[in-house]
Each structure stands twice: as structure tokens, then as C-alpha cells.
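In the two complexes that follow, chain A is the common piece, with chain B as its partner first and chain C second.
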Partner chain A sequence: MSDNHNQHHIVPLSTYYTIFLALMVGTALTWWVATIDLGAMNNVIMLTIAVTKATLVVLFFMHVKYSSKLIWLAVGGSIFFLLILIVLTLNDYMARGWYTFG
Partner chain B sequence: MSNGAAVAHDAHAHHPALAHHFESLDAQKEASVLGMWLFLVTEILFFGGALTAYMIYRTWYPDAFAVASSEIAILPGAINTAVLILSSLTMALAVHAAQTGERGKILVFIAITMVLGAAFLGIKAYEYHEKYVEGHIPGLGLPFRFEEEYYRPAQIFFSIYFVLTGLHALHMIIGLGIMTWMLVLTRKGVITPEYYAPIEISGLYWHFVDIVWIFLFPLLYLIGRHVHHVG
Partner chain C sequence: MPTNTYLNAATTLKSWLLTRDHKRIALMYIAGITFFFGIGGFFAALIRLELVTPAGDLLTDETYNKVFTMHGVMMVFFVLIPLIPASLGNFLLPLMLGTKDVAFPKLNLLSFYVYLFGSLFTLYAIVAGGLDTGWTFYTPFSTVASTSAVVPAALGIFINGFSSILTGLNFMVTIHKMRAPGLTWFRLPLFVWALYATSLIQVLGTPVVAITIVLVAAERIFGFGLFNPAVGGDPVLFQHLFWFYSHPAVYIMILPAMGVVSEVIAGMARKQIFGYSFVAFSSLGIAIVGFLVWGHHMFVAGQSIYSALVFSVLTFIVAIPSAVKVFNWTATMYKGSISWQTPMIYVAGFIGLFAIGGLTGLFLAAMGLDIHVTDTYFIVAHFHYVMVGGAIMGYMAGIHYWWPKITGRMYNEFLGKVSAAIVFIGFNLTFFPQFIAGYAGMPRRYHAYADAYQVWNVLSSAGASILAVGFTMPLLYLAWSLKNGEIAGDNPWGAVGLEWNTTSPPPTENFHTQPIVTWDAYEYPTPVEGHVV
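Entry: the complex of A and B
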């Protein structure tokens, strides 16, 4: 994270290749995990891998790691509101039938 | 007064790509990147809404979703995941070439990115055709074939499948349009190491579409696969 002095940060090509390999390994790992029965953990592991892959793309391919605090705020804000959207909606759907008050 | 300012301005040599309301090319690029990110924020919440619909229906019909998801062949989806990740790499390499001012490389890497994007859409079209052959397209008056127990919730799963993959494919098509535009800008010589924001923010869009697929692949193709070993 840095302010304006890093506007023209050029990411070394080796970083791009490493991230590419990590993404491919992550894809293979997701497929492999899907074929073995881990009960409720299957989906947790697959989504954890997906979130990790997305984070790598955002930080390195999309240069957020080298961007200003303002960009971090935009990215962080979008994740925050995405979580509000998903968590609070599911919270309501899962808990609505539990109790009736009054 | 305004005349004097204009004269003073003309006396000031500046980069042809620098718009008048920006102090510097750096400030201009920061504004472009922020603007693209703000657009992507709306995109994240847009796809987030569709994914929330997926999650709610999956909590309602977990078995139907597992069975219906297992009907989708993994291989084309996995190949497409690899194709998109590779296209993200070539996009990143195009931005790198723009930063170092290698115009030939920008053109080559954007062209490869476009070929990979087109390959993705081709494989997607093949998959859609498979769904048609298997009778897995809900609505449109087409015959929907599925085991009796999950007949209706399976249609919900495939409706969500087509909405999510369809919206994603639409983004890919728009991405191909943007990349064509970038080829033209680069050929015209507009893109330089001092001014490469168009390539950079087009890349942001392309990577975002890649990220959407990174989530769609496990959610649509792999969920419930460990329970129902079909295909």
C-alpha cells in the first residue's frame, strides 16, 4: 500500500508467471477436492480456494497491492457491502421461521 | 483574463494525452483506475445479487442442486477456467508491455487474450448445446428432462445456471469489444509508457470477469459432486 509515488510500479514478469501457476494449481486442487467426500467441508474448501484465487488476481493481476489507499478503500468497501448483501440476506432466510414473537 | 490563461497554457508544453482538468498524468491515471474500480464495485454487487439468489435456493433445495450440478460435465468447465486464467496472464503481460512501451507486444498479447476469450465463448456455446440435447434448458417451451423427484427445483438450478453463465458470457463479449478498441488505440500510437491507462483499466475489467468465473466454476459445476458421482 502506498500513495502517489508508486504510480508507475512495473510488476516483474516472474510475479505474473508465479500467480498464473498458483491459479492453475488452485483450479486443479478445486477439481480434485470435488471428487472426494469430505462432507460439509467440500464446499468450504472449494470456496476458500476460490476466494484465495480471487485475492491473488486482485492483488497482483489488478495491481491493487501496488495501488493507493483510495483504491484499497474502493476494493475493501465493495467486499464489505458484498458481505452485507450475502450474510444479512441469508441470515434472514435461515432464521425467519425460528420463532414467532407476541 | 481567460485569454491570458490560454496563452499561458499554450506556452506550457504538456503530454498530448493529459486532459486539462488534471494536474499531472499520474493524477489522471489514478482517477481512471479509481473510476474503473467504482464501476467494478457496482459489478461485484450485481453478480453478488445473482449469487445470493443462488445461495438462497441452494439452502432450500440442497439435494436437487447437488444432483442437477452433477449432471454438468466438468471437463469443458475446467478447460474454460484454465483458458480464462491464461487470458488473464496474457492481459497482464499486455499491460506490462504497455508500461515498457513495447507496442508490438501489446498488440500480440491483446490479440492472444482475445483469441482465448473467443475460445471460452466457443466452449460455452458447445456446453449450451449439450444442455439443449440433454433437455436441461428450463422454459422457452423446450422439453425439460429430469428425474421426477427433482423436476421443479432442478429447473430453478438450471435457470440460475443460465442467468449466471449468460451474464458472464455477455461480459466476455463486451470485453472482446473493449479489447478491439484497445488494439485500435495501440495501433494509432496513443498508448505510451506515460499514458497507458486505457490498457490498464481494460485489464481491470478483463480480470474482474475472470474472477466471476473463478466463483461460478465451483458453485455451478462442482457443488454436490462428492455426493453424486455422475459423469
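Entry: the complex of A and C
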């Protein structure tokens, strides 16, 4: 089906070290941000760092960047699926105060 | 009987325990599932015995809590989830695809041992320590109050979940990569489409419930407070996460049963399935929409009214693909030359009982009515109509339909028909009165109840004893047929489909020559007008 993707993509070691470094910087950043109170922005910043780190892991360590369209479809489908969980759950939490009985 | 079959290829114990043959793994799953069905059934018998009288006289309240929890955990996680995919699915998928085995045979064996280890671990945990949370593990009871063996039981179910994920993954890859030459997606039997949709749910959903159960364990051990309002958590969050998997889990149980029904109807009515592509896509539709409806379990749990409204509407929508299937099956049978043999009788039972189970599901999707019957026996009756009336009836139909292929022998047709009738009657007598008692207000999960409900409970317990006879009979006559049954021949039903194009039982490599498919699924000769078969 996807024969042109079957040859192994060789990633230079330096890429892995760079990504590893970026992940460590992200971790340090998370720790540092936790020491300052940013109010409502606390969660936003923490989650942004976490999502960025996860994206790097998926793209480089899990080789998705060099993979076939089918793999991209599987990854995209999974993320969409996660969004269902988050959106329909927030649908509850964001609307808790909207109406009340009696 | 053919001389070379998967059964006589090697006969040592080791050749079974370390087999990579999907057919042998399927048989080991059937043994495991039957074992846990027996245990779950034993606990069901205790429940029905206790409820014969209104007073809680046979079991203490605490023992009763443990008994219904064990019934639920055994039946849901160790019987219904693997019921059809791991047994009939494992046996038939490579045969239907015209290939030698699943894509990852070793992984298949691993998933069986993970199932066995996880389920025996849970069995040990809850027999030794007891578990009283119900199969649903609701917080805050499970995290703060319960003194029973929550953590070990949770761990066992967590382990077991990997078996389900591995099977789903294996089947998806197999369907994508292992189809015989010429076997395009729209030539696949509908059972394969159903397995594909089921695998999708298993792969996507199971990790969520696994993590959720780990969170419950972590909360008990480390006191995270994720589900504890005292420190800013929310017990309802557990219900969101739990039902996000556990509603679709119902489709893990019912979709493969629907696949079996499609096969049996086509084979027994000797007709192409009416609206093939609609039936195929309705399986995927159910799998996807099934993930959008979980909040209907939480109408009284304190979720926002807006959210409840959205979940209610989405739940109504999931009825559409189910109805598409039922209408198409009915249209398939119309003017078919139906042979009313045992599998077809189970299928008729399935359609009737699933219709009641599904339609009462629509009652429950309506918030006003659901609030009235939440946590009553109405709910218990509803989901037993879906799970026993749907999933188990489908499994029984499938076991009888493919038994000659699996073993090479026929069972006693008369006993088959009688037991199918007994199961149908016993089932309705057990669970229909529960609709009435529940609608009248009888709550579930108590060992004592008001006197007014006794008549319905006596009927229900009487029905349960009939049901027990109905399920014991096949065990006996099927076992008897292993040695004494008539030789079935390759294709006793005269059905089309690749699995009937090899010997019964098939050889280890399934086919002696690689099949090449040049026909559509269910290409039965058009019946001659006015001709009675």
C-alpha cells in the first residue's frame, strides 16, 4: 500500500539530543513557573508547556514526523477522540451554574 | 472427518498451551469465558434466591453488596467484553479473510494469558477480600468509604484491559493487511465489519477506563483528592471518565452479536443481506456515536442541566444505526427461504429481545422518565435485555451456527431448538417482571424490599431457574456431540462465505490453497419464483 514509506528513515543522533534538551528545558520551565503565581494563567501556561513537550515526543521520539499518511490519520483520530472526552466533559463543568431546579 | 485438522495436528498439552493457532486460542477463550459465566451465574443465583422474600434473610446487607458486585464484575469484564470477539471472532476472522492466521499470532496468545491472569487475579482478590462497590466503582464510596479489596480488584481489571486492547489492535491490523486477493472492503462479511468497529472501541476506549481505575487506586493509596470535593476534586469526574468507556463497552458486547446475526440471517434465509453497505456503516456509526452519549448515566448525578440535555439528544441519535440494522435484517428475511434451525431461533430471540432492550433505552434517554426510574429495577431489566437478550443470544446463535465448522460434528437439533425456546421463555420470565417492579419504584442493589414487590420477584426468581436449565442444556448436548455427533461435512447449512470453503474442522493453515475472491459477500442464487425449498 505505502511502499515508498517502507525504507527506514535514519534520524541523526544530534536530533534526539536536541529534542531531549528541549524536553529538559520544558521541565525546568514548568518547575520555575510553578514558583510564581500567575492567577488564571497558571493552568494555561502549564498546559501549553505540557502539550508542546508531548508533541515533540510524538513527532520525533515516536517517529510520526517521518511516517506514512495512515499513521498521521491514526494520530489525528486519537487526538480528535481525546477532544471528544474533554469537550463533552467541559460541557458539564462550564455550564454547572446556568440553570437550577426549583 | 478430514484427516488433517487443527484439532489433531498435535495433541500434547504443551501444543495447546503454547499454540499460536487462532482457532485453538479461540477454544481456550471459550473455555475461560464459560468458566467465568458459571461463576457469574452462581452469584446471580444467590441474588435471585435472596430476593424471593422481601426480608433480607439469606444474606446480610454487606454480603449481598459483595455478591452483586461479583456478579457484575465477572459478567461484564470477563464474560461479555471478550464474549464474541475473543472466541468466535478469533476463530472466524482469518477464515473469513481467507488467510492463515491473525496478523500477530504470538500477541494473540499473549492476550489470552493476560485475560486469564487478570481475571483470575480479580477473582482471587474479590473472593479473598470481597468487593462491595458494584462493578461501577463509584466514587467517593470506592475511594473514601469502602473497606473492601478495591485496589487488588482494580488492578486485576486493569491487567485484563490490556487483553482487550491487544485483541482489538490485532484484529484491526489483520483486517487491513491480511485479506485474501480480491477480498475488497465491500466484499467482507458483515461479521468482519462488526469486529472492526468493535476493535476500534476496544483500542480507543479501554485505555481510558484503565487509567480511571488506576486513579481510583492511587486516590485510595496516596489520597490524591482528584475525586474528593473536600480538597477541590469532584466525584462526578469519575463518572464522566468511567462512562466514557463503559457506555461504548456496551457496543463492544452488542456489535459482534449483531455481526453474528447478519451472518446467520443471510445463511439461514439464503439471501444477500438487504442494504449491505448500510448495515456495514451502521456498525461504524454505532462505534463513533456511542462515544458521544455517556452522560445519560448521570442525569441525576449533578451534571449541568445543559450537558444532560445534550447527552439526551445524542443518545436518541444512537438509536438510528441500531434501527437500520433491525430493519435491514427484517427486509432480508422477507421472502427468504428461511430454515428454522437452532441458530435461527436464537436470532429470532435476539431480534425480539434486543428490540425491547433498545427501545427501553430510548425511554431512559428521555430525562424526565430516566429520573423516575434511575437506580430502580427498570434499569436492571433494560440492560439485561441488551446484554443477555442481545449479546448472549447472539453468542448462542453463533456457537450453534459455527459449531459444525469448529468441531466437525452436528449437535442434536431437537435439543438445540428446545433449549433455545427454554432460554427465551426463562429469560423473559426473569427480566420482564423487573421492568414492572422497577417502574413501580423498587430500587436496585438492596437485599430487602417492600412487600408489594414480592410477586414480581418470585416470578423473576422462578424465571432464573428456567434460564439456568436453558443454559445448562447446550453445555451438555454440545459436549456430547464432540464424540457422538453426526459428521457435519464442510458446509452443513449450504452457506456461502470463505469459512465454509474449507474442511470442518479446518486444517491448521486454514486453507490448502490460497483462496482468491471474485464474488461479493452472500452471493446466494436468486430463488426461483414460487419455488418452495
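Following the convention adopted for this analysis, the second predicted complex is superposed on the first by the 91 of 102 C-alpha atoms of A that agree within 3 Å, B and C clash if a C-alpha of one lies under 4 Å from a C-alpha of the other, contacts with A are read in each partner's own complex, and residues count from 1 in each chain.
Methods note: a residue touches a chain if its C-beta (ideal position, glycine included) is under 8 Å from a C-beta of that chain, and two chains touch if they have at least 3 such contacts.
This one's a predicted model, so the numbers in the text were calculated from it and none came from an experiment.
Trainee: After the superposition on A, what does A:S78 contact: first (chain B), second (chain C), both or neither?
Mentor: So A:S78 meets both chain B and chain C here.
Trainee: Counting only touches as set out at the top, which of chain B and chain C does A:F20 meet: first, second, both, neither?
Mentor: Only chain B; A:F20 stays clear of chain C.
Trainee: A:M46 contacts which: chain B (first), chain C (second), both, neither?
Mentor: first
Trainee: Return first, second, both or neither, reflecting whether A:V11 touches chain B, chain C, both chains, or no partner chain.
Mentor: It touches chain B, and chain C stays clear.
Trainee: In the superposed model, which partner reaches more residues of chain A, chain B or chain C?
Mentor: If we count touched residues of chain A for both partners, the winner is B.
Trainee: After the superposition on A, what does A:M62 contact: first (chain B), second (chain C), both or neither?
Mentor: Only chain B; A:M62 stays clear of chain C.
Trainee: Figure out whether A:I36 sits in contact with chain B (first) or chain C (second), or with both, or with neither.
Mentor: A:I36: touches chain B, not chain C.
Trainee: Which partner does A:R96 reach: the first (chain B), the second (chain C), both, or neither?
Mentor: Second partner only, chain C.
Trainee: Under the contact definition given at the top, report the residues of chain A touching chain B in one complex and chain C in the other.
Mentor: Chain A residues touching both partners: 78, 81, 85, 89, 93-94.
Trainee: Residue numbers of chain A touching chain C in their complex, please.
Mentor: Those residues of chain A that touch chain C are 78, 81, 84-85, 88-89, 91-101.
Trainee: Which residues of chain B touch chain A in the complex?
Mentor: These residues of chain B touch chain A: 26, 29-30, 33-34, 37-38, 40-41, 44-45, 48-49, 51-52, 55-56, 59, 74, 78, 81-82, 85-86, 88-89, 91-93, 96, 99-100, 193, 200, 203-204, 207-208, 210-211, 214-215, 217-218, 221-223, 225-227, 229.
Trainee: Which positions of chain C touch chain A when the two form their complex?
Mentor: Chain C residues touching chain A: 204, 208, 236-237, 240-241, 244, 291-292, 294-295, 303-307, 310-311.
Trainee: Could you list, by residue number, the parts of chain A that touch chain B in their complex?
Mentor: Going through chain A, the ones touching chain B are 4, 7-8, 10-11, 13, 16-17, 19-20, 23-24, 27, 30-31, 34-38, 42-43, 46-47, 49-50, 53-54, 57-58, 60-63, 67-68, 70-71, 74-75, 77-79, 81-82, 85-86, 89-90, 93-94.
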